[in-house]
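Each of the next two complexes has subunit A plus one other chain: subunit B in the first, subunit C in the second.
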Partner chain A sequence: MSQATLTPSSAPVPAPAERQYQRHDKPLWRRTLLRTESAIILAIVLLLVIATFTVPFFAQPYTYQTMILNSAPVLLMLLPVTLIIITGDIDLSVGSVLGFSSAIFGLAFQAGIPIGVAAVLGVLAGGLVGVLNGVLVTIVGLPSLAVTIGTLALFRGIAVGLLGTTSVTDFPTDITRAMTAPLGGLPVPVVTLAIVVLALLFGALLHFTPFGRGVFAIGQSPENAAFSGVRVNRTRLILFVMSSLVAGATGVYFTLQYSNAIGTNGFGFELQVVTAIVLGGVSIWGGRGTILGALAGGVLIAALNKTLQLAGIGSDTISIVTGAALIFSVVVASVAGFISRRRRSKATAVVAVGT
Partner chain B sequence: MTEAPLLQLDGVSKSFGAVAALVRADLALEAGSIHALVGENGAGKSTLVKIIGGLYQRDGGEFTLEGESVDFHSTRDAKEAGIAVIYQEPTLFPDFTVAENIFVGRQPYTKLGLLDRAKMRRETRELTQRLGVPIDPDREARGLSIADQQVVEIAKSISVGAKVIIMDEPTAALSGVEVDRLMGIARQLRDEGKGLIFISHRFDEVFSLCDTITVMRDGTYIATNTTTETTEDAIIRQMVGRSVENLFPKQETTVGEAVLEVTDLTSVGVFENVSFTVRSGEIVCFAGLVGAGRSEIARAVFGVDRYDSGSVRIGGKAVPPKNPAAAMRLGMGFVPEDRRKQGLAMDAGVQSNITLAIRDSLSKFGFITSSLEEPSARTWASRLQVKTHALDTEASMLSGGNQQKVVLGKWLATQPSILIVDEPTRGIDVGTKAEVHRLLSELAGTGVAVLMISSELPEVLGMADRVLVVREGRITAEIAREQATPENVMYAATHAPADNSTETAA
Partner chain C sequence: MRFTTSGFSRKKLAVATATLAATALLLTGCAGGSGTAPSTDGAAAGGGGDTSVTFIPKSLGNKYFEASDKGAAEAADELGMTFKEEGPTATGSADQVPFIQTAIQTGQKSIAIAANDPTAVCNDLEQARSQGVKVVAYDTDTDCRDVFVNQATVDGIAEGLVKLTADHLGEEGGTIAILSGGANAANLNAWVDAIQALIKKDHPNITVAKVAYGDDVDEKAYQEAQGLMQSIPDLKAIIAPDTVSVKEAAHYLADTPEYQGKVWVTGLGLPSEMAEYVESGIVEEFGLWNPEDLGYLASYAADALIAGTITGEEGDTFEAGKLGEYTVGEGGEIVLGPMFVFNKENVGDFSF
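Right, the complex of A and B next:
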């Protein structure tokens, strides 16, 4: 180092040797296999294998086709909501935003506006809800749970009010059919491509950009994030807008997929979104989680639904199974966390004595 | 030895699993004396205190109280035997009044079976007056300062007849006046015949207050010294097992151009018309009492807090208000006061913490990966000698001193031209303290402007090129290094500028 260290007054200890650090505390297999994401993916694979051999009519392309079509809205919307939950906020308005966007899109189309423009209006209408959520949470400083429960009720009401008991169904059939068409020659619908592309985009944003580092920092400690130059409120606002834009786009897609614009579209989807995310190992307290985990959580629920449905089991049982899976996953995660904390606190004691 | 000591530990050991936290601890506390327990972080002081307080049970060794062997199975056992522990952060019930806190669990009742509030009030008043700090018995504990809360804890302990009072780093969060008051109380308790164990990292307090000093290192008893027959250097040598030649290694620097210029900064009700400059290569210290507004000024300068008027410039360029990211781009770094909440993400690894503030400059084409972060993390962890074996070890697993090194590394990695450090050595051991001082001094040597806030007078006097005394939100005195003495700095910190007689008052 500099000459300064050699002067007697500044050398309380002999010039220290270069310290060596391992990059990781634990070996690779433990870091990759012993995590919620791996467990969920394993569960998906097991489920599909078992279903293929035991559930009649499961092993055919049509099963996968409908499985993805049914779960696409949740799989799309959970991507930005994952980032919101990692900052420690929550967005419960996505289901209502889907319905609101669907209503605006339907009305605009009915009024004779070209379908492309009507679709953009639907997406932007969704985005506006995000601006409202974001402003109330960041500038006014209200808790996101309260704000988005409020906008959940408000925009569901507006969506239903706008269309009344009617619905818009006369969308061009070539477009609606294209929405459910298979992707190339694959046994999956085109929307799969949108899910994959958005997942890659949000995955990259969360895990491989300075912005994503800020998202985690906010969730781990908002104060530390602010002291480290993270624009905390701006980040939170951007995420709420992103979430509503995606929910808005999902609303347009959902409307075309079922060729039906009605205010009740997407009712209750917000809970499926949050369930999938938490099941996938994202901490509801913020600071921890991955896009892969959240997506896997969504896929596991979709596969469970499909399997039970094909096995002739009623929707009430499906809901019981999903709920039990969620509680099981949360309990396992917190027990695992407790065990590793105990192991580590013993390890710390070694360090403390060693220093 | 004519009579057994009030409290005696002989060869006490304690292990957690395979880990020995205490190897062999000896301690003999006489009634009517104040006994200091010193040692670096991790030396085993806290474990020892917890054994005495009944929170842990010892694995081996002798523990006697007034000559009788004792075995505490709970903190309740220890309390009943007359042992009280006063922690740095008192543990009062915030919604209870002072009197209710003192009598919690043993409230007096009137003949009618009602709470005897009058008696509680009267006795509380007597107790606090006896300690020389009258506190309104009807106030809620919530609004009390930490110092007052400690007084309430002490009052509670003597009202239940404690014979042994242990104070675990009680002064860490106190201002100078409050420390003096606490030391007054400690001396009075000693004169009443109680035995006190006093734990502190501050040598001036240990030497002015305590009769004997027991030093521990690595879970082992090292020596017991009579205060009047030992020196600070000797104690430090015993603590670290080597000689720390200089706790304040101030090196000569050439003071250059003004880097940080703050003009008429005002935040109504917090601070007013604060103007100062920090030059390249210079260490400027904010001295003053806790609550004088020093941290608040620094936070506003950095942009974490808002201000009403005034300006902040770095190298002539205006720093926009309320925007730490912009201040950082202009070369400002800020090591905050509360490292656990403001300086670190405790659940995140060493690497993520070190690279958080430089995440933008480390990214390539807008993307950042763990591999891009790793070299910086390795460099700064190594340069600061952070003791951890892996870069992804969570910050919460490190000792306080190592956590502080991670925070310093995080900010040095930004290569600031002006670094603000707020209480950089609070609660860290003497060895790490000297390292931090050397680091700041070297940093100034390379031309960085350093603004340091410290409540420890020796640190201020040892490190500062210039001392700015802050009192009630105003800079009331500017004292050059050569003129600064404990007396004139304390005087300026506690007296209004009108009757400030220091020759260099600003």
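Right, the complex of A and C next:
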């Protein structure tokens, strides 16, 4: 908030005010290295290095292959949800959208529709949920938390209801094999390519376009953003649709990865997605965060899981470690924020007296 | 925001240092934890002749699987196998996958799994088998295993329950009813059909008046039990091949003294839930399989696969300790045995 008051005219009109943003009081290397994202990435690297030397059987391509395979759905879905959280909204329905899209995809395939068309139907089914979320949040004006908790239950119910206790499993093996195959000669699966491409797209959208600046502006203050020409509701609606489209596509991918369409697919994934994003330094209050950070948060959790599993540590302990890491990172970020705000307000006071 | 100018580095520095500290903490935790693990893992991988098994139950904290894995550990101990039990806390379709991967990577010689989702784990189980890891399915079958240790066949369950009921009714027979769970549950319907077919064939003096469904819901099952006892005046017995139904039928009987001694209740129940009714004499006997024996047999099957005594071919035989000799049946199935009967003497010995 104090940032906004510091440069009140900065957000709305990009062109003339732009020069102001370029005033950096620290050199480039400090700005690059001393960020939450850098800290998380460093943590990942340290973790991998130490695991390589201390955890038996860790240092092999299979570790990385499975690490990414296991976390791919979360890594894919967190990308658009990051943008939603930066606007100050939240989307808790992604796990259910995954299940819903999986069910639609499975049913369509079972009905004899060609697998490619069935996949498109699955993705579109996801997109429809996004439209519903978006309309309820923007046009009806309900809080996104309430709306997406509602659709979380609603679409899980529909997904489970559509298939009942049955599941569709007879997908062509050459396609399901291809889903988990390594990418070229690299020790990572094919889906890595999708994650990287989508991350670049969403990163560019968030950090290098007027749309992205609008996303940050909405997170800072929707009123200010609206007054400065950001089409707030349109932006939020688009984000919800994007989020559900990606969740829908993830549903199709997940179905093929495990060669199983069932309504319970993706159960509980929404919380893993939000955990990764918040761990990656994105403010749950909106207005602050990066795609790189969120992605790094997801990778850190994936690496932690893999390391602890290989070290023979039980899943209950892994949950404890992940939870503790999240709380630690949030507490530290907020304490650090509090300290820096106090320093800054003192500095501003001095400046004010000086002028 | 990205373009904040002042207070920038300190805040980020604080975050950076703290995150590093956190990671360091986590890492020391890891290193400490892994200190114990590698010694066994290393031995398992390096020892060559050593045998090991990882049991992956549907989820941790489930009393049924705690019992089966207890039996499995006992057998592994007898066999000198390294035993590990690892599993998810949730029952999502892919939640067991990381544990299969870990077992592959840590060089386990065999995996015994009760799959939540028989298809979703297949890819990784195939991976395991391609690397020479033997795969035993227990409790729930999957397509990608060497053998399946089956706790009970449809006919085995039907025979067990019909025998209990027929022995009780004796020569004169009488009218009975069946109280099942969900009307759409495939396994329950198979049991109900088999029970009816068996009664028709072997016990002409027994008539099944009605099949009711409790829908796996306590209250509904209670009401259905009430309905059966009220609407069928000469009802002599209820067979409830579903744990909720048998418990609620017993519950209704306990609440209604006028039917006690008149209507006899049996079925498939959990000892922990049925103990109070068996101890008070409301229910004399009920059946299920013994999950400890199931785990015990799965460990012996894993060991026999590793040793090459069996390959999963029909007709292979192996010794399973206190349970005796077993033969691999059609499709690589090893059937645990006849239904296990619980009564006043043994019901207190089980915690699941």
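Everything below uses one rule, namely that the second predicted complex is superposed on the first by the 328 of 355 C-alpha atoms of A that agree within 3 Å, B and C clash if a C-alpha of one lies under 4 Å from a C-alpha of the other, contacts with A are read in each partner's own complex, and residues count from 1 in each chain.
FYI, a residue touches a chain if its C-beta (ideal position, glycine included) is under 8 Å from a C-beta of that chain, and two chains touch if they have at least 3 such contacts.
Keep in mind the model is a prediction, meaning the values are calculated, not measured.
Colleague: Quick one: classify A:216 as touching subunit B (first), subunit C (second), both or neither.
Modeller: Both subunit B and subunit C are touched by A:216.
Colleague: Does the superposition put A:231 against subunit B (first), subunit C (second), both, or neither?
Modeller: So A:231 only meets subunit B here.
Colleague: Touch check for A:336: first (subunit B), second (subunit C), both, or neither?
Modeller: second
Colleague: Is A:46 contacted by the first partner subunit B, the second partner subunit C, both or neither?
Modeller: The second partner, subunit C, only.
Colleague: More residues of subunit A are touched by which chain, subunit B or subunit C?
Modeller: In the superposed model, C touches more residues of subunit A.
Colleague: Which partner does A:288 reach: the first (subunit B), the second (subunit C), both, or neither?
Modeller: Both partners.
Colleague: Given the touch rule stated above, what does A:204 touch, subunit B (first), subunit C (second), both, or neither?
Modeller: It touches subunit B, and subunit C stays clear.
Colleague: Applying the touch criterion given at the start, work out whether A:314 contacts subunit B, subunit C, both or neither, answering first, second, both or neither.
Modeller: So A:314 only meets subunit C here.
Colleague: Same subunit A residues contacting subunit B and subunit C, which ones?
Modeller: The overlap between the subunit B and subunit C interfaces on subunit A comprises residues 7, 10, 21, 23-25, 216, 220, 287-288, 344, 347.
Colleague: Show me the residue ranges of subunit A that touch subunit B in the complex, using the header's touch definition.
Modeller: My answer: residues 1-2, 4-5, 7-13, 16, 18-19, 21-25, 204, 208-210, 213-214, 216-217, 220-221, 223-231, 287-288, 344, 346-353, 355.
Colleague: Over in the complex, which subunit C residues touch subunit A? Could you list them?
Modeller: 1-16, 18-20, 22-24, 26-27, 29-31, 33-34, 36-38, 41-42, 45, 60, 84, 86-90, 92-94, 97-99, 101-102, 104-107, 117, 119-120, 122-123, 184-186
Colleague: What does subunit A use to touch subunit C in their complex?
Modeller: 3, 6-7, 10, 20-21, 23-26, 30-31, 33-36, 38-40, 42-43, 46-47, 50-51, 54-57, 60, 62-63, 66, 70, 164-165, 167, 169, 176, 180, 207, 216, 220, 254, 257-260, 262, 264-268, 281, 287-288, 290, 304-317, 319, 321, 325, 328-329, 332-333, 335-337, 339-341, 343-344, 347
Colleague: Applying the document's contact rule, which stretches of subunit B touch subunit A when the two form their complex?
Modeller: 16-21, 40-42, 44, 218-219, 242, 244-247, 249-251, 302, 304, 324-325, 327-328, 334, 336, 341-348, 352, 355-357, 359-360, 362-363, 366-369, 374, 378, 381-383, 385-394, 397, 399, 410, 431, 434-435, 438, 441-442, 445-446
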